[in-house]
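Below, subunit A partners subunit B and then partners subunit C, in two separate complexes.
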Partner chain A sequence: MKLLTHNHLRCNTSSATTGYPLKITPTEIRITDDEYNETFVKHVMQNVNWPVLVQAASQCGITTLPPTLPPSLTTDPSFLRALHHVLVNVNIVSGVLKCPDTGREFGVKDGVCDFMLEEEECENVKI
Partner chain B sequence: MAEHRSITLLAPPPSPPYSPMNPHSPYSTTSPTYISVQKLSAVDHLEIFLLSLPPSAPCSCCGESSVEELKIFHKKNNKSVVIELPHAMNCVNCRAICDRLKEVKSAGGLEGRTDGSPLKWRYLASMTQALPPAPTTTTTSNPPHFFNLPWSKFNLLPKFIASLVPTNVIQLKGLTGQAYNALSACDVTTFSGELTGLKRSLKILLQLPFYQVFVPQRLDKVFLALPNIQECERVKKMIDDGVLKLNDELESSFVREREIIEIKAMEDTESTKDVVIPGLTVVRKYVEDTSTAFNYFTSPSCTAWFSQQRKRGGVVSRKVIHYGYVFDYVTNDILREYQQEDGVLEGLPENDQTPWSYVTDKIRNTYPDINQCTVNSYLPGQGIGHHVDATGFGEPLISVSLGGSIVMEFRKGPFRKFVFLEDGDLMSLEGAARWEWSHGINSRMTDLVNNKIVKRERRVSLTYRIAVTKEKEVMPFRPYVAKVEDAVKTPVVELEGVREFYNKVAEQWHHTRSKRGILWPRCVEFLNGLEPYSIVADVGCGDGKYLPAIFKNGCFGVGCDISVELLKLCGKSGGPDVMQQEYDKTSWAERPEVAAADCLRLPLRTSSCDAAICIAVMHHLSTLPRRVKCLTEILRILRVGGRADVQAWALEQEGGKRRFDDQEVYVPFKVQPKYLEGKGSELGEDDGDLISFDRYCHVYTEGELEKVVEDVGIVDGKRWEVEGKGWDAGNWWVRIRCVEVKAKDCS
Partner chain C sequence: MSRPELTGAAANFYNDTEARKYDTNSRMIGIQAEITKRALELLQLDTSFPNFILDVGCGSGLSGKVLEEAGHYWVGLDVSRDMLNVASERESSIKGDLAHHDMGTGLPFRSASFDGMISISALQWLCYSNSSKQVPKRRLVRFFSALYGVLKRGARAVLQFYPETPEQAVLISECAAKVGFAGGVVVDYPNSTKAKKHYLVLSFDRGYSTPKGLQSSAQSGVRVDSSTSSKRVKVVKKKGKGKTKEWIEHKKDVQRKKGFENVRKDTKFTGRKRKDKF
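Right, the complex of A and B next:
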């Protein structure tokens, strides 16, 4: 579960209002060493929710991201490299993701997060 | 460290003999001799190099008795290869090598380029014959070097190192990836003027008369194979003196034979002799007279070989013949109506119909049901990728080995077993050995057996199988009778017939469906048409079959599925080998991004994805509101302009294999009992040896999918627009695009 993915995840129960962002409590994190890809970072950066990313990174122990994203940084190569690393190389192997609205926790095991819900938590699908 | 002002180029490439020679004389009496071989692919070049050289007689031209030095040059366009033999053409050793080349070529070795064009080779009277017309003024101090020394980046090549028994391999420790990339990308002819630093070192390095560079995939080592020990020592000295300086830590070491083997990490068959695979039986020397059959298949006049059989991603590189039923490597199934060009489906020869039918008869005595045989020809260096044989075949599988010996590798999860097979041995697979363990042969030139290096020779294998005939394939269906369900909960029929089904059969499903990576071509087309670096959601991803295709295009894939068991088989965890290879190629896919979630309740943010695929999911939803909800969720997660590809089973089928009598059906899936150990088989029914599981499906009629799309309506200011639709091989598909709702659209 990479931080890039986490940026797009939300709680899927019917009682959550937004269910976003999910709070990470990691118990095991693995850092991989994937090749830097500049075009990918630039493209993906446009859709990433920056404050959520900063918060998620700090929940995983990375506190070096700036709280806001000044436009000058978006072309700085060393910044892009660091951003790529944070987005793609930080993997949550196990831990818990918690919904900010309902407090419902989703476990992460072996990198796979479990969003399967009990029937009571689902919306009604009307006939 | 002192700067070297003048760089002495080492041993300049053997100077082409510009002195005039009689080009018409068939046999020259001076050395060296040049043989130009055109249309030789890089892999074959190595085969020449590693040809076992004939025992040498005293050489008439130079009096020496060894023929060790074989210099090989590639042309820059990699279209041909020039072999330089340091002897004259009329010398007995030279002739022996040429004869050996001819022999290997006619035996089918030296297969030429993969485009199938035939190999051509000829003697050159001199190197000038191979050169472009020389300019009139050739007063340059460096004789023009028209043949680039080969910089072949064979990532596979460490496999060949073990065949280089002489110790003229040098390892350049500390060569960084950056330097390596610089090395492999540069063209020495463009270097000019005063060179310093890395460029200077590169130029020196590139003008060494070495054979090959071997670099493992991790780029942490570089090996140079040099013609002889003196060159090795010279390179070593250059590095030690700092003349050759590719980075600060560059140091060199000779690689000894032992190290070569270790570097290659070739495992000895001894290491797995205690591993027992149930169902694996080897009978030594089952066939006493192997030469009749072997000679039949390897003789140049044998015309039975299939030419260029297609498979996913190219062609099958080894030669194959099929008898009885033809196996199609693209669909991984038997072609039931295949006919050869002359219109006859050739059955399995028996009773002296062919020189080799005595082998078939002997096997059929014990196993009369055998009705299919595939003959494979393996040249030294060829292998076969790991696989479990398709479910179109029953058990046992019998394989007879003729000719050279080989080591077959079995794998199951982290476990391995090596089986050494020699001429005449029979190997039979049933039960776990046939269904649970995959088998394959390493593509390399040698094997390590009981601490001895055994060189590979030409081998022919006959694999006898029982093809499941057409009649058995028609599966009975039990129509599903819908009950009035409380629409809030997941209907029981889906809980049992979809979620529990996939959790139970996950392993067999993965092995037979996804392991070979057979993907829906339209979906692959859709994925390839996406903008690179898109975020793609795979709704109902199963075992992540489509994720490699998503990553291959540079996109970022996120998958969801309700079956936790299937998700466990994504990527590295437990998934065998075809997927493994796909994943290894892409850096992001070491652990695919998947989550357990129902497609009706996706854990993704609104408008967060650029594209989505929903393959073979819609037919598992039992009521219309649920189907609408699924597409609503996909619409919600896509940004405006995002596209989706949806596909589901059609009621309308073609061909005899499958027929749906009703839209609501249970479709059986048969599983070997041993796959289910520990998983409980309460859902299944006994069907002879296989346990049958039913999965619930609602198959779509023409136009039905589009109606569901329409019913989605407007969600978050967005709606669907149909871009394309159709029927393809038993499935209805739609391609839909998420568009913004303009004020005038609202009704």
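Right, the complex of A and C next:
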């Protein structure tokens, strides 16, 4: 699972208030080699929650990201290249994601996260 | 062929052997790729940059492959772990991410995450319940309201599905309208039994009108509009006028739009008065 995906994931059980961000406890991480794509990085960067990404990266052992995103860096080609690598090429193969509100754990196995919920855990909707 | 939806839960139907069969069946691959391409076309994405797309019911990643070929990054959700295992074995899928998830339980993403959403041949599964706790309508509404949240404003969703009955298509569109989506069902090749495909196209834009279905001489489809479906339209009865030709044609038109198939054709005799001697 990519850190880009993790940046958007939340725990959507009825008892979680925000359920975001999920804490990563990785046991295996794999680096893939997706080709650098500048337009994509620039596009998704606008929608990335930066502090969450910094936190997630450090949970995966990457501590090179700046704690805040200075505007000067957003056009720097070498920075964008590195950011693309962190967002797309760092994959959590196995480990656990934990909801900050409820402590519910979602296991990751073979790169696939298990988000199966019981009907009782789901948000109730009016019909 | 009987419908797989009637045999139980999707996760049970798409087991390891079924998933592998599905992934290697050249007919399946062809159909899924074709539907995904059409869904992408209906999605009308801004293609000046690669988009981040949600694929609900991604299965073995046949649709993801098409997304990747178009240069997009995607996150796939599926209820069958066996299907996902086949998908993760696919070597090329480095632009995609997978999660084991049941679409009837909502969506595990924060708001405004995706540029678009596609779903190929999955939505009809929500119309069936596989345990006493599952209420189809509740699961449908929960899914659509979650979808409303995770899409970026201005994004669209295209969901191809196989309704068993016209009522199912109506139920699905009603649930989508209930949470605030505009849009409707586009029917491609409505006169063919095999090639006929239903696409539910959803948008945030109130004034959004769905694109026309392919090769359709008689355009059919169910319009979703929360402004009319939630409120009951008051019908003012006219006195003494009776059933005029316009009234009959309008009534037939409504029936056709609802998807009823045995509506009489419009002919020169429609709404004509009988001779006195009759």
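The rule is simple: the second predicted complex is superposed on the first by the 124 of 127 C-alpha atoms of A that agree within 3 Å, B and C clash if a C-alpha of one lies under 4 Å from a C-alpha of the other, contacts with A are read in each partner's own complex, and residues count from 1 in each chain.
Note that in this section a contact is a pair of C-beta atoms (placed from the backbone, for glycine too) under 8 Å apart; a residue touches a chain by one contact, two chains touch by 3 or more.
Quick caveat: nothing in here was measured; it's all calculated off a predicted structure.
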Fit-or-clash call for subunit B and subunit C when the two complexes are aligned on subunit A: clash
Which of subunit B and subunit C A:88 touches, first, second, both or neither: both
Contacts of A:43 with subunit B and subunit C, given as first, second, both or neither: both
Which superposed partner A:111 touches (first subunit B, second subunit C, both, neither): both
Candidates 238-246, 436-444 or 724-732 of subunit B: the single one with C-alpha clashes against subunit C: 724-732
Contacts on subunit A seen with subunit B and repeated with subunit C across the two complexes: 1-2, 4-5, 8-12, 20, 32, 34, 37, 39-40, 43-44, 47, 88, 110-117, 119, 122-123, 125-127
Complex contacts: residues of subunit A adjacent to subunit C: 1-2, 4-5, 8-12, 20, 32-34, 37, 39-40, 42-44, 47, 49, 88, 110-117, 119-123, 125-127
Interface residues, subunit C side, partner subunit A - complex: 48-52, 73, 75, 77, 79, 81, 84-85, 88, 94-95, 97-102, 105-110, 112-114, 131, 133-135, 137-138, 141-142, 145-146, 150, 152
Complex interface listing, subunit A residues touching subunit B: 1-2, 4-5, 8-13, 20, 32, 34-35, 37, 39-40, 43-44, 47, 88, 91, 106, 110-117, 119, 122-127
Interfacial residue positions of subunit B with respect to subunit A in the complex: 487-490, 532-533, 535, 554, 556, 558, 560, 562, 564, 567-568, 573, 587-588, 590-591, 593-598, 600-606, 608-609, 623, 625-626, 629, 639
